[in-house]
Each structure stands twice: as structure tokens, then as C-alpha cells.
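Following are the structures in question.
Two complexes come next, and they have one chain in common, chain A, joined by chain B in the first and chain C in the second.
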Partner chain A sequence: MRNHSLKANLTGYAFISPFIIGFLAFTLIPMFISLYLSFTSYNLFSPPRWVGFNNFEKMFTGDPKYWSSVKVTLYYVFIGVPLRLTFALFVAMILNTGSKMIGTYRTIYYLPSIIGGSVAVSIMWRNIFSEQGIVNGLLMALGAAPVQWFGDPGAALSMLITLSVWQFGSSMLIFLAGLKNISPEMYEAASVDGAHPVRKFFSITLPLLSPIILFNLIMQTISAFMTFVPAYIISKGEGGPMDGTMLYSLYLFRQAFMFNNMGYASAMAWVMLIFIGVLTLILFKTSKMWVFYESEGGR
Partner chain B sequence: MAEPKVPVSEYGAMTGTRLQKGAVWRKVKWPIYHILVGALALLMLYPIIWMFFSSFKESRTIFTTATTLLPAEWIWSNYVTGWQGIGGYSFGHYMWNSLVIVVLSTLGVVISSALIAFGFARLNFVGRNFWFGVMMVTLMLPHDVVLVPQYIIFTKLGWLNTINPIVIPQFFGAPFFIFLMVQFIRTIPKELDEAATIDGCGKFRLFIQIIMPLIKASLATAAIFSFYWRWEDLLGPVLYLNSPDKYTVSMGLKMFLDSESASNWGGMFAMSMVSLLPVILVFFLFQKHIVEGISSSGIKG
Partner chain C sequence: MKMRKTIALATMVAILLLITACGNSGGGNASGGAQDGKTLRIAWWGSDARHEYTQKVIDLYKKQNPGVNIDIEYASFDDYWKKLAPQAAANQLPDIMQMDISYISQYAKNGQLEDLKPYIGSKIKLDDVSENVLSTGLIGGTQYGIPTGVNVLGYQYNPELLKKAGINEIPANWTWDDYKKMAMQAKAKGVYFDESMAADIFFNYFLRTKGHSLYNAEGTALGYEDDALFTEFFGTLAELIKEGAVPSQETLSQNKGILEESTVVKGTGIGTWQWSNQFVALQKVADRPMALAPMLGPDMEKGIYMQPSMYWSIASSSKSKDEAAKFIDFWVNNEEANKLIKGERGVPISSKIKESVTPDLTEAEKQVFDFVSEMEPKASPMSPPPPVGSAEVIATLADYVEQINFGQTTAAEAAPKFRADANAILSNNQP
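What follows is the complex of A and B.
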């Protein structure tokens, strides 16, 4: 039996009080303000004016730029995240050997993730894809035609996606740690039974890693939806060409802080929140079908 | 001789087939492996290497010679002109501004997160699980939803063009670090606490004198990540700092980019490298902590 004396409660709350205060001041109260603002028209200088569902109506029916940013973001997330995770798993499996060099390789492969969020890297990316950059140089060396990376919305978006795939490092580390937890006996037993490598991958590696894959999938999806810096720097804050790199967060930022449409931006934020919430819920619910929890077998 | 234990990835992409018993294969297996993995590593690093060498090229030759890696002539002046800065301040000024933000934020976030983590991991109180749940939800909450209201609140508080909006929230703990530390504290045997309590040690002393020294590794991990995030942060400075005097490294670089028409690419590349230097340095010095931090946060999640 737990004994919650008054003193124990007070001590407990004293220790976690910074979190509670911070949560109320910087998360919960701002969220309510944001919810309220999403039903108003507010430009920071005159008091908010209640407009009902106007913002949402405009978003869904009267703002083609909004839909184009939604489309760009969905492409970015649903192509970028699976590519990134596949690549992370692939490299993790390659690195999961007994070689002494693994530490070094792991460091090198992880480096891009560490510096990836910086302005310097976005500047770098902008320049290696520039008209005369190395990527076009390489394409021409291979006999292909150079691509106008900043002239075509699709090309510009694929430039952003490559940048995100390049930073597969943290997922790779998590996969690597997961792979190390799979006991070699499993594979040995499978080998004795004559299982092929492909078979082993699908019936041992993938099921045993599935909880980690789910975790990575959720965290990476959420952070991909909020990508801001690369789009902001690479397009110099414009989201161009032709809104090709106008990710949701960038459009929200522009609405809020360049056009002072605080109400509209709040409405956008809430739509995103609800969308991500539903998506996460769906991932969790459907995960029962594909995520394998070892302990459940014993219950 | 006993057969060496077959590495787990024997079935992996490296061979694609089961390990052959042939002696030839055993001999060439590792060299081939290292060539392939090494080549991929080089490909990964190539953009950074390219920027490094380009930062020593003359601005107008950077793109005409983009496919040759080494500069024909090493131009050190890029670093000099870059360091002289932009917007009326030297790049050193921006580095200093960033450093102030990084140090204050990191101190704040590590200490507060440790306190909170200790509370969650070791103290019994009504509503503990509730608040822990709240924290886990906050961990996944898209930050965009509080962007606008936080801006309004900080504006009303008169915190615009100060580092307060960037630094002060850090003193209330960060869910990711709290979670990391809670996981870490849970691995410490509880008997230690009980022994100390019997000896008349209060909770706060228990935290400072017994738990803190034992979770140094996770404190270091949190400090390193906090350093990265604050150093690289762009959104905070873009929103809240509006005079070049207060600009951080990321803002300095952004100004270089905005004045790209002046085509001082050499200087911009040089300062990009300079801005990455502390990050890469810390990474190589403390990579063990980083790798462990990432790995454990994922596994136990």
C-alpha cells in the first residue's frame, strides 16, 4: 500500500512544479488562446474580432495557396519519412556486424543528423543543388541533362526530401540498438531450419523491430510535419518556386508573422494539430495488426 | 580452430546470400564490406567536404569549379572577410550572442529537467501518473500550435528583442530530457534511496548528493542536445530578435544568404564552416553520450 502523506505530496509537487508551471504557461494556456484566436480575426494591433468559422471556411474553400501547401507537405511527409526510415534500417543492418570499424562508420553516418537542422547545412544544400552545383555537375558527367532545381516546384521539393533523407542518423541509431537486442540464436535456429536471408528478414528482423519502427514512424512523421528551417532557408522564406517548397509550417509562419493574420494562422495550427492527432491515433490503432510485442505471447 | 561466431548481419545487404564456406570468400569478404560501407560514408560526407574546400576558393570560381574538389589556389581571405561579418557586426559578435543563449538555456534546461525527472522517478504523490502522462503528450505535441500565442504573450510581456522568450522557457524543463533522465534514474537501485532515507537524508539532499552524481551521463546527454538545438535554432531568433546587435549565428548566416547578390559566397561558406565547427567538435568529443542517449530514448519509448 502506498502511503501518500501530505508531506510526501508536497515534496513531489515541489519537484515537478517547474514542469507544471511551464506546461500551464507555455503550452496549455497558449493552446486555449490559440483555439480562441482561430475563431477571430486578429492582427496583433487591434483587439481580436470574433468571426466564427470564417477562418476555417476560407482555409478549406477560398485559399488555393493553403491547399497547395497541404499537398506539398503531404508529399514531403509521406515520401520523405518512409524513405528515411527504409534507408535508416538498411544502413543499421549493414552496420550491425562485429567489425571494429563500426563505431567510426556509425559516427560518420550520424553526423548529418547532428548538423542537419542548422542554417549552414541548408545553405550548403541550396548551393550543391544550384544551377552549376555539384549535383548538376554529376548529372552531366553521367550524361544526363542538368535539372533546374530552383525552377521547377517538383524538383525543388525533391531537393528538400533528399535533405531529410540525408539525415537518417537518429533513426539509424535507434534501429541499430534494436538490432543488437535480437538474440543471434534466433537467426542460428532459422539457419538450421534452412531459412533464406530474405525469409529471416521478414520473419525475424522485421517483427522484432516493429515496436521500434512504430516509435520511429510516429516521431519522424510529427517532426516532418513541422519542418521549417530547410524550406525557409532554401527558398529564402518565399516557399518558391511556385510554392513548391511551401511546407505547412512555412505557410503558417508567413500568415502569422509576415501578413499578421494571427487568427488565420491559429486556425491553421489547430487543423494541423487535429490532423496529426488523428494520424497518430490511426497509427497506434492499426499498429495492433503489424506490431509484434514479444511479451504478449507469454501472457 | 573453432568457427568464429557468425555476425548477425551475415544475411544482410552485404552478401545477399548465405555465407559461403569458401576460403576465398572469407578472405575478400571484409575488404569488400569496408570498401562499400566506406564509399557510402564518403558519399554522405561529400557535401560537407565540398563546402569545406569551397570555402577556400575564390567566390567567383566556386561554381565554375564546382566539380573539382580542391581549390586551385587556397584563399584564406574568405575567412577574414567572412569574420568581419555583415549587418555592421563581426561574426564573432554573433557567435558570442549564440554562446550566451546556449549557456543560459542549457544550464536552465538541464537543472530543471533533472529536478522534475527525480520527482517523477522517485517520489510518490497523488496525480504522479497523470502528470507523467501529460508530459508524454507534450513530448509529441506539434510546436506550431503554440507558436502564435507564445509570440503574443511574449510581445505583451515586452520581451521582444530580448533573449527572454528563447531562454526563460528552458528553465521549466524539456519533456524529452525529463523522459531521458527518468529512464536513467529508474535503473538506479531503490535500496540506495532507502538507505539514505534511514540515515535521515531529506529528499532534496538525496537528489543532490546521491542521484545527481549517478545520472551524470544523462545530464551530459541532455546538455549536448540542448547545446545543439539552441546553437542551431533559427525560429526563436527570427521571431524574437530584431536588431542585428542581438543576432545569433544562424541569423548572421541568414543575412549572408539574404545579401547573396553581393556574391560573397566565399565568406558565406567560410562562416558556415565556422558555425559548424563547435557542433562537430562537441560531437566527436562526446559521441558516446549522444549515441547512448538517442539509442536508449528510442528503445524504451
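What follows is the complex of A and C.
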């Protein structure tokens, strides 16, 4: 009997082993190696040299570019994510009106997100806003001067944020599912009581949607902090002009793979991990104040 | 029941074995057929056109050397170095690698590359190669690379637009003063004279004309002491941008690295400063007659040098070094192969090969060959290749130059800051 259950377990382990091996080999072990490397100076060529907290010290006290990348990233996240979520909710509400073509619209609006993170879209974005691109063509047709969208240090980051807002699809789908879950009876009851649409939105839609907003907020914040591809493609990997598009992960990448400062880059990655962890925790804690769970009777 | 589970278990084990086996053949190419010494791994970076003809050259080599198998790995420039560094760390470098001047020191100093001196003469025949060219592959006195070809700096321009700007020709032995005057004249006619200069390359050129260089010979610090040199050079460039003789930094940043958006191609600018091997691509995209002019002086002869466009190097960990050396010899000396290469990796280093491929060249390619031949006797020896840490120094320099050109700081203010930053980076990278 015991022998039999051992065998059954073995079969189970065998079935999950591809994941376990992959997880160990490609996630957990590299993570701990990176933790070790963050306390070393390592250029890939000579063995890592233990330097204690030097990397962290340099990051916090001796590297202005680091802080500039932190600033750019915070801008990107704290402006980009709310904009994207607002836009996603807005589109979701429009799509929730029950038009017949809804399926088609949903697909069309979701499309940018499927391809949005990809290299091709970033290149397309660059072309649309290039010096002789379609946007400048329109501006010139209207008699305005062409704008160097990616050449102006102030404008370049806004271009990245706009691109991220445009990729609203996945949050939109989740919002849409949430909206469909709100019982129509509530709206009917509110109509009987004479509530106008704005009142309905703030008193019914938003509270009942708040758990979904929290979910989207956390997922989008985390992914926004890790944004890399558009900044890399649009700035040609340099984070320019004037470090205007030097997002944290791009700076990390440059330290690691352009300058071979693997130790410093590992340290940067761990600081980022801890920061995102703390931020997520704060979001969860403060969510008690604004997220409404129907199942808990509104507690 | 029991039977079925046993079968399931056996299947799982089989699949797992298969997965690990696949993993092995994918990553373990390095040691592939090294035991018989007849399998070579060769890696390079470049465009699709380069991949195509390189494959043809390799096929030709395989045809002439039956029994030799060659595995190829190629990527874009940036990706190439991201792949190569981990391979170096894992001691699995390809037998033959294309090396760049800005990276070769790092690989050489860390013992990753083979000294090629013993192979020269026996395995690699270099009798038709000038000493000035061959010595560009020396790092600290050791021959770690064989140049694939050479380039030289110059001004590449559209002669028709130059005339339209009221300038008949680029004068022989032109100076910085001529240049500034001509740039302002072009501006008055509504065209740009150039697109500014790549900071590290042309600052190094400028320093060389003054008897210095960007890095010192040991690679431990910058090669100049006087911040006034920095101020003079970058101050001049910023001034031309401010005057509107050169596009604004916004425009430069926006269009950086996009050939189609360059002012020369769009017909709003007369010319651009760059390496001679970039001329062919520029002419092709611009699709109009173009010309090459030497660098400006004074002391142009002290400034210019034959720059290896890239090197072939052999990994010190290679188990097929003789065969690798034979391939490099084939690349340098085989006529048929060079008719495929056509100077795409720089003007061939062998004078014999240079002559024999000339009849097959296009007009633009011929212009480049002629320009390089004209400059070769005038050129001075190259400064030592950029030291370890230079990538970070160059990025730092580019940052400061951007700030100067955007008007956020002045060249005089940036000069001492750059010196301090650069020297700190270089000393950090000393073993």
C-alpha cells in the first residue's frame, strides 16, 4: 500500500517536474545568484569580487544618472498608469452599452495590446512621430512647424506615456468583465429613484468595480515599472535625449550589458524588486479605505 | 492500472531525457566537433547583406576544404556583444570571432584571445599587408587580431549642393577656419553644412592633430591634460549648432542612426562626417553622385589613421586554432572570396587583393578604394585601441555633449567634469 502511494506520488512529481526544473534552473537559482552578485564587482570576464555594500552605496550617493532614471520611471508610472486605467475604463464603458457589433469592437480595441509590447509597435510609433512621419505631415499641412517628438527631452517621455496609454486593451477586457457582473437591477432601482448617469457612475459603477480597479492598478503598476522595450527601441538603447527616456530597466540593462557592470546591475534589480514589493504592500493596505467587496456586505 | 502508470512514468522520463538532450545540442555546440579539429564556429555582426555574402564565402571555403564543417552565429552589433560576453564567461567562445576596436582590449586583456604572431607567415600569409595596417591589431604589443579591412575618416558630401551653396569645392588642406566660414556660407543659402560630429571619434581625431589622443597609451586615463582642448572642440561644434549651420540637437537626437532621415539624403544638408566604409550605403540611399574629402587641418596627417573596420580573432580556448588560422588566411588572400566580399568589411588589407577586385567594384565602392589609397601614405599610426571601460567613457562624453548642444551647460563647464568622470571610470576598470 505504502509502496503504491509512493509510486503515485512519483508519477505526480514526474508530471510537475518540467515546471519545477524550469523554475529552479531559470528563476530561483538565477535570482539567488543575482542576490550574491549584487554584493560583488563582476564584469563577466574575471571572477566576481566581493565588495560588500559598495554597489548600493554608489547607487544612493554617487550616481546622479541613477536618480534621474528613478525620476523618469516614477513619472512614467504615476502619470502613465492612471491615464491608462482611466482610458481603459472609459472604453470599457462605451463597449458595455450593448451594441450589436460589440464583439468586433472588442477585438479591434484589444489588438494594440496584443502587439503593443512588441518591437514592431515601438518601431511603428517611432515612424509615425519621425521627422517626416505622418503626424508631422499633418502638422505641416495645417501650417504648423514640425515637432521633433523624440528629439525634445521634454516631449520624448510623453511619447512613451502616450504609447503606454494606447495599450489599454488588457485592463479594458478585465473592466468589461467587471462591468458585466454589475447587476442591471441596481441601475434600474437607481433610475426609479431618479439618479442621473453621473450619479449612477459614482455611486454604483465605481464602488462595485473597485476590487477590479485595485487588481488592474497593481498589475499595471508592476508592469509599468518593468517597461523596457519601447524605451529601448525608441531611444536606440541610449535613453536619450538628455536621459529623458532612461527608464530604470533601460539603465539597468545598459549597466549590465553595455558596460558589463553585472554586480551593479544586480544590485539595481534587487532595489527595484524591494521597491515594487513595498509599493504593492502600500496599495493593498490603503485599498481597505476605498475598495468595496460586495460579498463582505461592504465592510 | 499499475501497468498504465508505469507506462506514463516511463513516457515522462523519456520526454525529460529528450528535453535535456535537446538542451544539450542547442547550447553545447561549442565543443561540437572540436575533437577532430574539423569543425569551426565562426561569429560576426552585421546587416543582412553581410550575412548573405559571408555565408557564400564560407560555402566556398567548405567546397575547397572538404571535411571541414563550419557553424555560424551572427547578430546585430548590439546583440552580438550581449551574446559574446556570456560565452566568454562560460569559456565557450567561437573559434573565430569578428572583433571591434572598442571591445578587443577587453577580450585580449582577459586572456580570451590567441596571440596570432606564431601563425603569421606560416598559416596566415600577410606579405602584401602594410605594417601600418597590421599593427592596428596589436594590443600591448601582441597581435590579437587581423584587420578585415581599413577605413579612414572624411567628409562625405553632395558636390551639386555644395556648388549651390556658392562653394566650388572643398579646398585641399582646409582648416577649421575654412570649415566655419563655409558652414556659415551654406547656412546663408539655407542648407546645412553637416550633421555635427560623433563626439568620441572626432574629438580623438582633433586631439591627435594636437599631438594627444583620447586615451593614454596604458589605457589608465584620458590622453590629454588641457581642458582648453575640450572647450575648443566642443565649443566650436555647439557654436555651429547655435548659429543654425548644423541642425539643432533636437533634430540630431530625433534622427540619430536613421540613414533615411539624414539631411544629406533629404537634400537639406551638404554632407556628413564619417568612416569611409559608410560612404557606399549613404550614396545608395541618397541616390545621387557623392564625393569624399579629406579631414580638415591643420595637421590632418597627424590626425588621420587607418582604422581597422573590424578584426578576425581566434579564441584562446579554441581547439582548432590551425584550421581557424587557415580560414583567416583564406579571407585575406583568396581572390574569389574577396570578389564576394567586395570591401564590405573595409578596403582589403592585401594590396594584391585590392588590385584584383577593383575591376568588379561599383562607382561608389571605387571612390572609397581610391580615397583610402590616397589617404594611406599620409596617415599616422593608430593610437592604441580604446581601453576597458571605454564604452562607459563614450556614453559619458555623449551625455555631456548633448547637454552642451542643448545649451544646458557650456563646453568650458563640462570639460573638467568629463575629465573627472572619465578618469574615474578608467581607473575603476584597472584589474
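Here, the second predicted complex is superposed on the first by the 272 of 299 C-alpha atoms of A that agree within 3 Å, B and C clash if a C-alpha of one lies under 4 Å from a C-alpha of the other, contacts with A are read in each partner's own complex, and residues count from 1 in each chain.
FYI, a contact is a pair of C-beta atoms (placed from the backbone, for glycine too) under 8 Å apart; a residue touches a chain by one contact, two chains touch by 3 or more.
Only a predicted model underlies this, so the values are computations on that prediction, with no experimental measurement involved.
Judged by the touch definition given at the top, the superposed model places A:K200 against chain B, while chain C stays out of reach. Of the two partner chains placed by the overlay, chain B and chain C both lie in contact with A:A8.
Once the two complexes are overlaid on the shared chain, A:M242 sits against chain C while remaining clear of chain B. In the superposition on chain A, A:S130 makes contact with both chain B and chain C. In the superposition on chain A, A:P18 makes contact with both chain B and chain C.
Contact with chain C, but none with chain B, is seen for A:N260 once the two complexes are overlaid on the shared chain.
After superposition on the shared chain, chain A has more residues touched by B, the comparison being chain B against chain C. Chain A residues 8, 11, 14-15, 18, 44, 130-132, 236, 257 lie at the interface with chain B in one structure and with chain C in the other. Contact residues on chain A toward chain B in their complex (touch as defined above): 2-4, 8-9, 11-16, 18-23, 25-27, 29-31, 33-34, 37, 44, 90-91, 93-99, 101, 105-112, 114-115, 117-121, 123-128, 130-134, 137-138, 141, 166, 170, 173-174, 176-179, 181-182, 184, 187-188, 191, 196-197, 200-201, 212, 215-216, 218-219, 222, 225-226, 228-229, 232-233, 236, 248-249, 252-253, 256-257, 262, 265-266, 269-270, 272-273, 276, 280. Touching chain A in their complex are the following residues of chain B: 5-18, 30, 33-34, 37-38, 40-41, 44-48, 50-51, 54, 62-64, 66-67, 112, 115-116, 118-120, 123-126, 128, 131, 134-135, 138, 140-153, 155, 169, 171-173, 178, 203, 207, 228-229, 231-232, 234-235, 238-239, 249-250, 253-254, 256-258, 265, 268-269, 272-273, 275-276, 279-280, 283-284, 287, 290-291, 294-299, 301.
Every residue of chain A that touches chain C in the complex is listed here, in rising order: 7-8, 10-11, 14-15, 17-18, 43-46, 65, 130-132, 148-153, 236-238, 240-243, 254, 257-260. Within the complex formed with chain A, the chain C residues making contact are 5, 8-9, 12-13, 16, 19, 78, 81-82, 85-86, 88-89, 106-107, 110, 112, 248-258, 261, 266, 389, 391-392, 395, 398-399, 402-403, 406, 408, 429, 431.
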